[in-house]
Amino acid sequence: MARVELTQLIIEQMKNRDLHLPKGPVFQTAILAGIMGAKKTADLIPLCHTLPIDSVKVEIETHNTTAIITSVVKTFGKTGVEMEALTAVSVAALAIYDMCKALSHDITIGPIELMEKTGGKSDFQRHA
Amino acid sequence: MARVELTQLIIEQMKNRDLHLPKGPVFQTAILAGIMGAKKTADLIPLCHTLPIDSVKVEIETHNTTAIITSVVKTFGKTGVEMEALTAVSVAALAIYDMCKALSHDITIGPIELMEKTGGKSDFQRHA
Amino acid sequence: MARVELTQLIIEQMKNRDLHLPKGPVFQTAILAGIMGAKKTADLIPLCHTLPIDSVKVEIETHNTTAIITSVVKTFGKTGVEMEALTAVSVAALAIYDMCKALSHDITIGPIELMEKTGGKSDFQRHA
Amino acid sequence: MARVELTQLIIEQMKNRDLHLPKGPVFQTAILAGIMGAKKTADLIPLCHTLPIDSVKVEIETHNTTAIITSVVKTFGKTGVEMEALTAVSVAALAIYDMCKALSHDITIGPIELMEKTGGKSDFQRHA
Amino acid sequence: MARVELTQLIIEQMKNRDLHLPKGPVFQTAILAGIMGAKKTADLIPLCHTLPIDSVKVEIETHNTTAIITSVVKTFGKTGVEMEALTAVSVAALAIYDMCKALSHDITIGPIELMEKTGGKSDFQRHA
Amino acid sequence: MARVELTQLIIEQMKNRDLHLPKGPVFQTAILAGIMGAKKTADLIPLCHTLPIDSVKVEIETHNTTAIITSVVKTFGKTGVEMEALTAVSVAALAIYDMCKALSHDITIGPIELMEKTGGKSDFQRHA
């Protein structure tokens, strides 16, 4: 899960223009960037090996001026895919930044955290 | 600039083993991942075009249990390279996560922020 | 310019679901795929060299059961960028195919043609 | 299967020079571009996942002024690989265009169609 | 320049089959692999930045059982492109290995050396 | 296994600066370049298909003025991964060249050879 702190201006522009900014629809672009980013995890993280990914889902919702990006990645492989999920939300967050930066650079990405992981060497569940 | 909140255990392991964890030297690997990540910015961010980068520097220092990643990217091109710098620190942060996750998944990436930008359409300076 | 011959069923599904099919919004995804594909031209075409692209635009409109994809690519470089434009529309067409193929494989891509080119060694204008 | 409509001039040049044009042997280059392009399918098509490909074959023959590109892709995976085959012939067609465009831009790519598919969710056989 | 020491058997097979081995025409494939490899230099070598390459030529000739690969890379940029040339011949050599290894693994790549370099910070000329 | 013949000057500089040269720690960078290079084998070698790699290890030691790079690549797949190992050591060798070339271009890469291979169609053991 990644949070992106936007500004009031950016949120208003999104609403006024049906989620469109100068560079086009922000969240749909970010979702695709996240999905494609997950496929590049092994290319980006030096010691990650290429894993067969079965599905990647990326969703974005807003709470006030915060965009909340969540990703669910599934694999039939025996290794965890938490890096793929974290890469997906990180790249989606960067794509949001890129599309909104013409309005303001006062955007903050993070926290980016693993929420839950099952399978692999151990399970993980973040405490609320 | 990106922050990565690690745990006391991870920091101690790094110190005890001369900054080495099971997967190898953490920060040097993350620095290289960040430099190589900056070169992939246009490949990751849908509406970023490939820019001729003149230099990418990535540095990491620790304060207590926090790793602080900074990146300086320079170009002779006319377009800003803030996305390259933000991609560099984001990928470096993901690489740190990957190398430390065998010890704990209780790692938080962020905030990731632009600190300063000169050139391009406008300058930017983050307030302290 | 690339044409993609879809079926009546696909077109109806798109209209009924506000241009959404099982895999998501078809044309917006194809537009982004085309833009990102243009950036990979040198990676795909063996004897194309990497060019500094200034802008890539991809647009899609429908006439009856035909999706018509057009792309405009601009560069300040001295070499023509017709391969970038043709790659953009080809990849966008493949993305449309991918997103609609759950409904029907009876989809035909083409003709893909260069419409107009200015600059480089020679200009080109396709006859109507 | 993809067709590429060339001109009489291009075909004659190919014959006169033993299938060589200024940029080198056209069809052999296009075949390799197609094979390598198939491996990039997941990188090009946003919602395609990386599949383990067992073999990719690309063949090109000419009928009059038409180059006919066929590709056969096999996988032991459970998912269809029609997108890999269509990407292979599309990239091969673009490579032919690139190598012949110094002689004429009056080249048309298409139709590109799936001929036959076995396995995956359903089989497919194009009607003659 | 890179040398690849092949075996008598491989050389004979190449001659008997008009330079074709089971995987296809060896040298033409290797030349294309080298040209495409040069374009990936910045992607492979961590501290190389992407350079605008103007032309890459790769040639292969045989002396007895040795394949000799030479590459000439040109740029209008101010930085040397010796890494691009060395990457081109290295990748071409690996491609030759790959295509001949079904006949014998007794193949040796090297020496790989820079022969001549003009421009950049300093010129270089290898002594005979 | 790949050898890189360096110069006395380079070796001394490495020792004096704790294996650091102007571009940073040479061998650690080369090791990572090799590991990441192995993951790009199918992208570099036209007729290699993407294989699921289980682990890649790259090690470098020096004998006098020679850097000796060895790589061990493992897969659960049924196909040999000798190309991945050879690509790993080749890219690591190129990275060493790149980092040392500011001191001298009088560096020779090679021989690069397969030492041992088990599994796949046949085993292989290089004679001493």
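Annotations
For clarity, chains are labelled A, B, C, D, E and F in written order, and residue numbers in each chain start from 1.
Here, contacts are C-beta pairs under 8 Å (C-beta built on N, C-alpha and C of every residue); 3 or more make two chains touch, one makes a residue touch a chain.
Note that the structure is a prediction, hence the values are computed from the model and not measured.
Any chain touching subunit B that also touches subunit C appears here: A, E. Distance from subunit D peaks, on a Cα-centroid basis, for B. To overlay subunit B on subunit D by their CA atoms, one rotates by 180 degrees, a value rounded to a multiple of 5. If you average the Cα atoms of subunit C and of subunit E, the two centres end up 35 Å apart. Averaging Cα coordinates per chain places subunit B and subunit F 26 Å apart.
Under the contact definition stated at the top, the residues of subunit C that touch 2 or more other chains are 24, 29, 32, 36, 40, 43, 46-47, 50, 52. Of all possible chain pairings, those that touch are A-B, A-C, A-D, A-F, B-C, B-E, B-F, C-D, C-E, D-E, D-F, E-F.
Against subunit D, in their complex, subunit F makes its touches with residues 42-43, 46-47, 49-50, 52.
Across the complex, subunit D meets subunit F through its residues 32, 35-36, 39-40, 50, 52-56.
For subunit D in complex with subunit E, the touching residues are 24-25, 28-29, 31-32, 36. Chain contact summary for the complex, subunit E toward subunit F: residues 2-3, 23-24, 29, 32-33, 36-37, 40, 43-48, 82-83, 86-87, 90-91, 93-95, 97-99, 101-102, 105-114, 117, 121, 124, 126.
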